[in-house]
Amino acid sequence: MLEIKDLYVGYYKDLNILQGISMEAQEAKITTVLGANGVGKSTLLKAIYGFLRPNSGEVLLAGRSLIGIPTHERIDMGISYIPQQPGIFRWMSVEENLELGAWTFRDDKERIRRKLDENYQRFPVLKERRKSQAGELSGGMQRMVEVGRTLMTDPKVILVDEPTAGLAKLLSEEVYQMLIQLRDEEGMTIILVDQEIRQALKIADYVYVLELGRNRFDGPVEEFTDLKKAFWV
Amino acid sequence: MIELQVRDVYKSFGGIQALNGVSFEIQGNQLIGLIGPNGAGKTTLTNVLDGVYRPTGGQVWFNGERIDGLPPYEIARRGLGRTFQVTRAFRRMTVLENMLVPAMALHPTARQRDFHKKAWEVLEFLTMDHLGREFARSLSGGQQKLLELGRLLMLDPDIIILDEPFAGVHPKLMETIYEYIDVVNKQGKAFIIISHDMESIFTLSQRLLVLNFGELIADGKPGAVKRDPAVIEAYLGEEEEEEEGIVLIEAGDMEDAEESDA
Amino acid sequence: GPTPEPQTIVQTVEVEKTVVETVEVEVQPTRPAGETIRIGGVGPLSAPGSVVGGIAMQFAMNLAVSDINAEGGVLGKPLELIFADTEGLPERGAAAAERLITENGVVAITGEYHSAVGLAELEVCHEYGVPCLFSETWSDAITEAGYMEVFRIAPASSMNSRATAEWFAAVGVENVVSIVENTDYGIGQDEADQGFYEELGINSQEVFFVELGTEDFLPILTRIQALDPVPDAIRVAVTGETSFNLEQQMAELGIAPSEDTIGTANQVAIQPEFWESVPNGAYYVFSLVGLPPSLYNDTTTHVAEAYSAQFDSDPPSYALEAYDSIWILADAIERAGTTESTALIDALEDTDITLAQGRYYFEYTSKNPLPDNGSVPAYMWHQWPDPAVLLLQYFEPNQDWKDAAVIWPEVYQTHGTTYIVPGTTP
Amino acid sequence: MIKRLLQPRWIAMVVLVGLLVASPAYLKDSPYQMAVVTGAFFYAILASSWALLAGIAGQFSFAHMALAGIGAYTAGILGRDLGTTPLQGIIAGTVLAGLVGLVIGILCLRLRAAYLALFTIAFSEILRIWLLTEFQFTEGSNGLMLDKLWEGITGVQEYYVMLGLLLGSMALMYWLASSRFGLFVRSMREDEEAASAMGVNVVRYKVLIFVITSLIVGLAGATFYHQVGIVTPNTMEILQMSLVIAMAVIGGMESLLGAAIGAFFSRVSLEMLREVGVFGFTIELGAWRYAAFGLLLIFTLRFAQNGLLYPIIDRLFMRGARKDTVAKRTLAEEET
Amino acid sequence: MTIPILWLVLAGPFWAALGAWRLPRVYRKKGLDDAPARLIGGLGGLTLGPFLLGPLWYFTPDLGRWYWGGGTGILAAFELVGLFAIMQSDNLCVTNASYVANQAANGLTIGFIYALMAVGLTLIYSVQGIISFAHGQFYMLGGYVSYYLLLFLSERFGIEVNPIVGVPVAGLVTMVVGFAFERLFLRPMHLGRVERAGEYAILITFGFGFFLQYTALAIVGPFSQKTGTYLQAGSLQLGTLVMIPNRLIAAAVGIVLIALLLYLLNRTWTGKGLRAVSMDKQAAAVTGINPLRMNTLAFGIGTMLAGMSGAALIPVFTWVPWVGMTASTRSYVIIVLGGLGSVPGALFGGLIIGLVEALGAGCYPDPSKGAAYKTAFGLIIFALMLLVRPTGLFGREP
């Protein structure tokens, strides 16, 4: 579904954070990317989503190259991204936040309604507080708003960067449940970057471990028995 | 003799109670780890100690003098230095100039040239001597972290607070920082190290403080703290999963990524 | 006294032709041999100066120069004008005067629009002993300085005030409200006004100083509405677009001109923009420095034609004065037979020439010093005593100012009555 | 020592100063050009001190012209009402400008970038309106007359007075910028909190930078307007201030020398470009020259952020260091 | 009579200082939010002295609520007015209620006009985070576009149209100019291609305004110009109020445009997109909004509003190339007062400045100078606001 080939990416001209990463995410599977702090996991997601322009290498979505397509157009191609740094529209209501997720089909009132309802079913708390300013919510609820907003578009591929950081334990279990559900029931392809390694391994189908901008390990989750491998440093 | 006393410190932002009656004491050149979940108030505590924030309640005493409410530069001159979780190099000044700022601030009558030698030595130690005349903005993230350490070394404080020194730092450089901490500690300086990197914390620290929701829930030897049920519940996670050494990596580490995203 | 003597002007109109002819005879139409005689012009051509004024003056001076050169130049040499932009800033004005004198070697300087700048320039003229003929700065202080080098053909503020104040007295105005800009012009004008009001027994109810660039005048207009008794006249000494805004709002609110209150407008009311900006401006009284259009002589008509060809409007007084100032200098040089400063100043003191604005001469000079007893105001030194200051009144919307009624002084009145009450036509 | 003095930058400096000191010999015959150049020195002082304040210390103030005016007005009013000598007046004016700078500095401790710009605009405007309106005291737009610096001062003497002020203030500012003071204010510009944590007394230096630059412009203003003989509120218009800023930016707002040279040449060329001769026709540039100036300003900002003079200054002053770094870097890379 | 004077003149400032100094400490001691305590302690001390400070001290109620700030503010305003009334007992503002009403009505009318000048600026700030120092010049440009359009129509085709026609056209032209400027000079900043973005933004907009103004001066010349008025009418008498109908129309244009802007921002998708970008650019990009386009759009709408307000005002005020100078200074005052980035704030700021200028000029003890200080009154309020509360009335913390 999503394929990355020999990707070189950096923030500065001559300094590549990712130095030749290759990976593949299969359809309707959860692929998790692990690695120590600062190895470039978030950078990888940013590069896939186009916030960073790769210096070389390929990113293919269902065989189609994504390089050069502006970020805001990617959502139309069925790929979506939940960044590590939470991003909500603080001074808008919860409902407006969710609605903005429907930006790409903003004229389809019916569909917006439906998607909103789905989200409210998924997160009943949000329904209760749909008129509140998003900035007033607790960190966990803000994360829900963000996830909910992403799901408005029915993406086929979701890039998730540490979705449960800052969430209370119970809530974070729910998020993982939701990811499983998205995979199993809606057939979404998920790339999950996470430091909650145990949780991630529980739900993942395929594992990549990065080390300083390079692939260190990859294989199905069954092969990934030695947890210490995640932290070769 | 270094002596820092934190007495029942409170700090609130609007409705959020970031520090809720924190008290502890540091004597001598201890190496202290400060851990706790995201938003527990670690950075806030640093900011209170450093004078960036004025506590809403409580007192901070340093070497027999009350320092809460003093501006940061006064506190820095009294010998308490810190690094920032999000690096804050003076980006449009050269690395060397970055290094000279604290030295000059500390020695009102000295000339810059007096400290050139020392600055170059520190840079050499940090393996950055070839970058001395570069603008700090052209350093990599890790090098900026090192530069912050370098500046602290120039400031030469008695207590050094490192906020997430390992975040975003190349493992090789991490070794350097270990070494740095070790050397400086041996010179008689105290350290407070904040990190989500459990391995480093457990390797380095002689004493652990655990913050949760602005309260100090544990204070003691690393081994003991590791087994403290309150700490496990709040931060380290359940016992059973600890066996495989996973505790060390459990910290869903949001802050350092925030920093690199910023 | 310094009041324009109507008689004199009427007479000069008659002799004007001969004088101009004399000049023609005297000037030898020989082609000058390369060299030119340079005259310096000063005036604002960029902000914060009043650019409108500077442009008009520059144009008129150039016109005069080409007219003179067409007649053969001066002393057999062509005249050359070097015009310097003073930006309305005294230090720039002083620098410009210095440049003109030392760099360009001008034999005399003329022009200037802003009194503050003029006051700085005259020091330079004094320092170098070069004659300065001010054509449009009104401040009494210009000639009060009493320098040998300084002459003026524009009215001093006090002379201007006198006309209006005397007319107010004549039509029985008891209470006056003044709205003046807080600049050299406005403040100087107001000081002079107050002197005459006191002299003539007119009560100055209130004076409002306003900042140039003010757009909204309702706060003070509302104040005026609340005055008791209602003022008989409102005297406006505000220039440029600020005056238009004020006058329009005053008229729109019906404060003045009204049946109860005479509204005066600044003399820029003769500019074509007036009606565009003050569509409600009928019945405004405004002053005009210079001859009434009915009394234009050939020179005036000539300048007016050239000016309107260029700017599509009638020449304001400062354009006519600027034109005349060049001729006065040319005449003086011719009579002095040299461009040497002392001789030139001496010749200027003896000026007697009729031009676009009438017959020019200087009453109080080194040959006829100001009396010691103070019976003659100090500003009369080297001051042309007779600049005509007329009051005109529009009585129809969009009226050409040349059709406006001349209401003061009485000798020039064109429509009988002295104040045309709004709603009536004389 | 000798070798250091033979470096291109020192040679350039000596040549530059030598030219300035010697040029009255040439300009003597043209008092006007002399006056233009003298005026340009004044603008150079304004621009370079603004570069110190805004470019180096990051305090984006629009009150510079107003402070120069405060210096001049104080001197003038004291001279008028108390009969002080110009020298006493200049001292008083400088001190008052410094005090006002002190107050602005204290009030603006919390204000950053655009807010500070807005505050200082408001300050200058209020001052200008006050000067205009209280004309009984300030002479309003008529302008306040000031005595000459001394009886019979000549243009050449005025030139040297202003040149002396320029060189003196440049030397002072250079010394400040390269001393601990410069180090501290630049670190504040980059990150106030971090500078404070490094022990820099940010309050003191932030106020100091205002005081020092205010003293400099107050002194320059008081002196310059004594030479001009008159000062008016018009000189404090935002427009005049904008010209100073534009000059500094075009020259390079982070370089004292760049800003000074930029101001000098802008001032002289604005003066000279009043009309241009093309094939015997003179074209009145009038407003166009300001329009062109604005265009130059935005293109400088967009494409040469360090100012048009940066390449030259860079060559003279920074190349050596760069070479050094590159050499060290290659060495370090070879080692690994 | 003398007691309240003494109270206000002597005791008020003392209690105000005490309140502003001590009350925050009390709040801090109790671990409560001390942010508003300084202001309210000061105002409370000034107005009611120990009678208010005492209970505040003792009960330490939550001062975050709007009525604390508002209430003490209004109380302080009332007391100042009272003090003024006592000291200036023969002032028109004290003796003549209909005069005050008249001044206030006119102040509010012009306030809407001022607000219209300023909203565009605040919109640009809210989305782009910069203050455009060229705003006044876009306003000037708008006026001229309308002027020359009407001139062209009447000279070329002999059609005389109401100047209201110029408003949308001027908006269109200034919007296009705004778009072009944004694309060429501001986008590089958003793409991170310039250093010190904040200062770059000040200077580049400033330089562009400079350029626009002098280009206009070079082309149009320094002569003043004005289109015909909206209506051929004199004044309008409403009870004791005397108003100028043309000005009411301009104010109405202002109200309509601000209402449209509020509608656009709050009720349309584009508006939501704009607001989203102003809050979080990356999150906006993730939802499919193009932040760069929104930046351009915001700048364009901002300049369009400036141009439209110019076109709306050229029938009312006379136009010269430098009209933008005062207008822009006033706009800064307004948006800072209302809170940078807040459209309702700009509206309130405009009304407040309108009122302050009208009442300041109308009530200033020395009538001859009141009008000259008109602009200064607004500027003083502005400077105080910057010092006390840089976020303004409605501003959010940055």
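For clarity, chains are labelled A, B, C, D and E in written order, and residue numbers in each chain start from 1.
Rule of thumb we're sticking to: contacts are C-beta pairs under 8 Å (C-beta built on N, C-alpha and C of every residue); 3 or more make two chains touch, one makes a residue touch a chain.
Please read all numbers here as calculations on a predicted model, not as lab measurements.
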Output for shared partners of subunit C and subunit E reads D
More contacting C-beta pairs: A-E or B-D? The answer is B-D
Greatest centre-to-centre gap (Cα means) from subunit D is with chain A
Rounded to the nearest Å, the gap separating the Cα centres of subunit A and subunit D is 53
Taking each chain's mean CA coordinate, subunit B and subunit D are separated, in whole Å, by 42
Taking each chain's mean CA coordinate, subunit D and subunit E are separated, in whole Å, by 32
In whole angstrom, the CA-centroid distance of subunit C from subunit D equals 39
So subunit B residues touching two or more other chains come to 92
Contacts with two or more other chains occur in subunit A at residues 83, 85
Each of the following residues of subunit D touches two or more other chains, namely 129, 132-133, 239, 286-287, 290
Residue positions on subunit D within touch of subunit C in the complex are 29-33, 35-36, 39, 129, 132-133, 135, 140-143, 145, 225, 228-232, 234-235, 237, 239, 274, 284, 286-287, 290
Within the complex, subunit D is touched by subunit E residues 130-131, 184-185, 188, 194-196, 198-204, 206-215, 217-218, 325, 329, 332-333, 336, 369, 372-373, 375-376, 379-380, 382-383, 386-387, 390
In the complex, subunit E touches subunit C at residues 92, 96, 99, 102-103, 106-107, 110, 217, 221-226, 228-229, 232, 234-235, 242, 244, 246, 317-320, 322-323, 325-326, 357-362, 367-372, 374-375
Residue positions on subunit E within touch of subunit A in the complex are 269, 272-273, 275-276, 279-280, 282-291, 396
Touching subunit D in the complex, subunit B uses residues 50-52, 71-73, 76-77, 81-82, 84, 88-93, 97-98, 100-102, 104-106, 112, 129-134, 151, 155
